[in-house]
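These are the structures in question, set out in turn.
Shared chain: chain A. Partners: chain B in the first complex, chain C in the second.
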Partner chain A sequence: MNSFFKNVFTKEDLISLKQEISEIQKAVFAQTGLLSEKAKSIAKKELLEYILEVEKKGGISFNPKEQFEFLENLKRKLDSLPVLKMVLAFSPPPATIERISQFLENELGRKIVLDLTCNPEIIGGAILEYEGKYINLSLAKNLEKILKTNE
Partner chain B sequence: MPETIPSNLFLLFVFLFFFVFLISFFTVLILILRKEKKFNRETILLPISPSFKESAEAMLKNELEKSTKEVREIIKTSFFQLISNYQRETEKISETVSVLALDFKNTLKQRTNEIFEALKVELKKSLPEIEQQNRQISQAILEEARERITHSEKEIEMIFQEVKKEFLEKKAEIEKMLENYKQEKIKEIDEKIFQILADVSKKVLGKAIDLSTHEELVFSALKKAKEENFFKA
Partner chain C sequence: MNEFSKILEKTGEIGYITSLFHSIANVSGLPSLRLGEKVITEEGEIGLVYGIREKDAEVLMFESANLRTGQKVARTGELFAIYGGEGLLGRVVDPLLKPLDQLGPIRGEKVALSIEREAPNIGQRVKINRAFETGWMIVDLLVPLGYGQRELVIGDSKVGKTIFLLDTILNQARKGVICVYVSIGKRAIDVKAVEEYLKENGVMKSSVLVVALANQPSPLIFLAPFSGMAIAEYFRDQGKDVVLVLDDMTTHAKVYREICLLLKRSPGRNAYPGDIFHIHAALLERAGNIRIKNREVSITCFPVGETLENDISGYIQTNLIGMTDGHIFFDVNEFRKGKRPAINSFLSVSRVGKQTRKVFEQHLANWIQLKLGEYKRALEIVQFGVELPKKTREIISLGEKIETVLEQFPGSPRPIWLQLFLVGLLRSEFWQEKPIGAMRKDLEKILEAFKKGLLFDLEREISRIKTIREFDQWIKEKIPVLKEILK
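Our next item is the complex of A and B:
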């Protein structure tokens, strides 16, 4: 059902998808017909597949206003996704980002958008910030603890 | 007194001289007048020959000179007599004065000796008392000196104690400051060492960690966060 944001892993991905939806919204009132037809030249594969899937189920009418509202709901869904701020010691490649995202989804049972920052000072591990909470699980922090304990 | 005697004598002498002169003058005058009366009473007015007149005048002149000479002699004699008297009186006075001076000197000497003797006696009498007073004064001075020394010693002791206290306080303060400074420096050094170690470790580890290790570290951090209920609302 939620396959339209299947490939949204980071905040950047989320912004990009929202921009994509906004572009489709602009085209809603310019043409007549199905929403999938209007989004065909604008939307990427995942979003277009999702729109088609919903159309098949009769979830989207020909009414441009309803189409616009449908797209607006998608944006709201995206905005409602929880964001996890992560500070990493390296710049993770897309595969690593995907694995992290998958890991979190599997472990927590819900989609989480990653807001990633790179800081080599932390050596390794991660510093996490989520819904107003903060935890430093970096290697630098552990090293400091070890050094202070052995002082 | 010796100064007034010559002035009185001089006045006396002047007076006598004047007196003798007056007597001589009147004597000569009386003699002239007596002769003239005698001549007037006994003689008849006869013409006087020039030779007689000359002899009379010469006689008169002679008499006058004679009288003057006599008066001079009298005055001279009186003067010498007066001087002689004056010398005698002076000698007498001088002798008297000498006697008196000697007497006065002796009396003074005697009186002085008496006073000295009296003083000696008085001194001998007063000597024990003076000695006693001296002893008392000496004792009092000694006591006061002792008291002052004792007082000074106490004051010195107090000052010494105050200085000692202040010194110890300052010493403790400085020691504390030094200890604080030492601890501060040790802390700074520790922090620096820690910083150096951290920096070195970061550099060494940062270079040593590969991508897969990074991923492992990230996943282990996420697992730990889950274990600590970090993702729960």
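Our next item is the complex of A and C:
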């Protein structure tokens, strides 16, 4: 089964997807019928495909209450995704973000959402925070270390 | 790089304040956090980890001005400690040992003082065997104390508890004992009065004042007695006797109750948390008389308990009575009758102090207690307005004279030998024929002579006495000398 958060790489993507789901939730009680019908004009391709796939397997009923709860579960699933905070010296282009995300997913075996911040003061490298762990791999820190040893 | 960044680099763990309530923060992240660990926020505020749950930790923050949710928090990897040393003497500090007295930073070498140190074990402890003088006759004679004793001072507010403790500090500081006074949740004006009293009497240089004011964050007030004990332990480990006053523990219990209710801990009796007894008992257990390098050193601790209209049956009050080696009870009824000090010797207890006194001293104390008991019973008969027999009149007269001798005002501590001498005069019926007014004048002259140093020979002579017979004989020999002084 396709994952509805396949294209979620950053925290911004995550927030945007959650907003999308909230919009569908608003439409759930306005009309009757299948959830995919109600979401057609609101949801993006991946989410719509996911809803259709679940509907095909009989995972969503016609009952609006159950449809709402299904969407609520999607939001909860998104909230449970682990977040890696990353401070970089530059704003990475989408392709780089995707590559980093793919790399992390392959290394850790789970989907990771990136919370990216740009801080030119670190000069290069990155500062990472993941599940309470903190590691400073910045160039600024290394330079400071070198300067201190040379003093 | 600031301190926060350095600590963050060192420990490699970061957390965030997820919620704040008063000075209690919930912090997420920090996977290896331990109970009792010190944490620091990016603004430099420090906190103590007081509880760890599945997803976050409860942290008591000691400063709350700059706290906000989302703030970064780093663990220090160290158990919470305060930093102090010899430079604390003569200073007024807060429970984190930051100076409050405008005298600049604390000077000298500083060492880490653990706030939750283990109490000395059985092997280190020594029987309490050295007499502790407060300078107040009624206590030294009827509720005798020893170095290393934990004696609760209990009574209503404004009945003279603090002044008794300050006089005790005065008396002990003059003997070279280090005194630590911890003010817990009091008004600034009250603390100022304590500081000025110690300064005026020249004992501030051997004292430390630890102050947590009523308007400060509750975790800071909660920390105060632990800081005081840590300072006392530091000086004790240096081989010095220490007096520690915790003024007062009922306020401390209330502050701890507030913290625990905010932390949503289950409330027990009177809404106090279930571990209130343990918290106080574990703290007081750290006082005592111990042996370090073949030398006896002690922390004599005076926790203070406040009552309401003499009710000593309250939860915290009975807890404190249960975990100390006795209590000195300040009776508000006696205070209203004008008795000074307003100590009720019949309701006061010293469980270990008597063993520090000589046999004849104990004999004298028993005699006073007996005579005072007879006097109180006789006073009950007087209420009925009956004509009193001669013996009862004598009992009342002696009782009044004993109370007159025991009457003492702040700032006039009496050494134990002078106290014994005065009791000896009562026993020898020196004042039997004199009215109270004349006796008072005699007393004033004796105290005047003591201040002038005319009676110091008595100290040497009294130290040689072993039995009550020898004592009575010695008093008889001294009466002619005394009459010369009183002329």
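Observations, loosely collected:
In this text, the second predicted complex is superposed on the first by the 149 of 151 C-alpha atoms of A that agree within 3 Å, B and C clash if a C-alpha of one lies under 4 Å from a C-alpha of the other, contacts with A are read in each partner's own complex, and residues count from 1 in each chain.
The rule is simple: contacts are C-beta pairs under 8 Å (C-beta built on N, C-alpha and C of every residue); 3 or more make two chains touch, one makes a residue touch a chain.
This structure is a prediction, so every number in the text was calculated from the model and none was measured.
When the two complexes are overlaid on their common chain A, residue A:K133 makes contact with chain B and with chain C alike. In the superposed pair of complexes, A:I97 makes contact with neither chain B nor chain C. Looking at the shared chain after the overlay, A:L74 reaches neither chain B nor chain C. Using the contact criterion defined above for the overlaid structures, shared-chain residue A:L48 touches neither chain B nor chain C, since it reaches no partner.
Contact with both chain B and chain C is seen for A:E144 once the two complexes are overlaid on the shared chain. Taking chain A as the reference chain, the count of touched residues is higher for B when chain B and chain C are set side by side.
Of the two partner chains placed around the shared chain by superposition, neither chain B nor chain C is touched by A:I60. In the superposed model, A:L14 lies in contact with neither chain B nor chain C.
Common to the chain B-facing and chain C-facing surfaces of chain A are residues 131, 133, 135, 144. Those residues of chain B lying in contact with chain A across their complex are 190, 194, 197-198, 201-202, 205-206, 209, 211, 213-215, 217-226, 228, 230-231, 233.
Across the complex, chain A meets chain B through its residues 86, 88-90, 92-93, 96, 99-100, 103-104, 107-108, 120-121, 123-126, 128, 130-131, 133, 135, 137-140, 143-144, 147-148, 151. Within the complex formed with chain C, the chain A residues making contact are 129, 131-136, 141, 144.
Interface of chain C with chain A (complex): residues 1, 8-9, 11-15, 28-31, 74.
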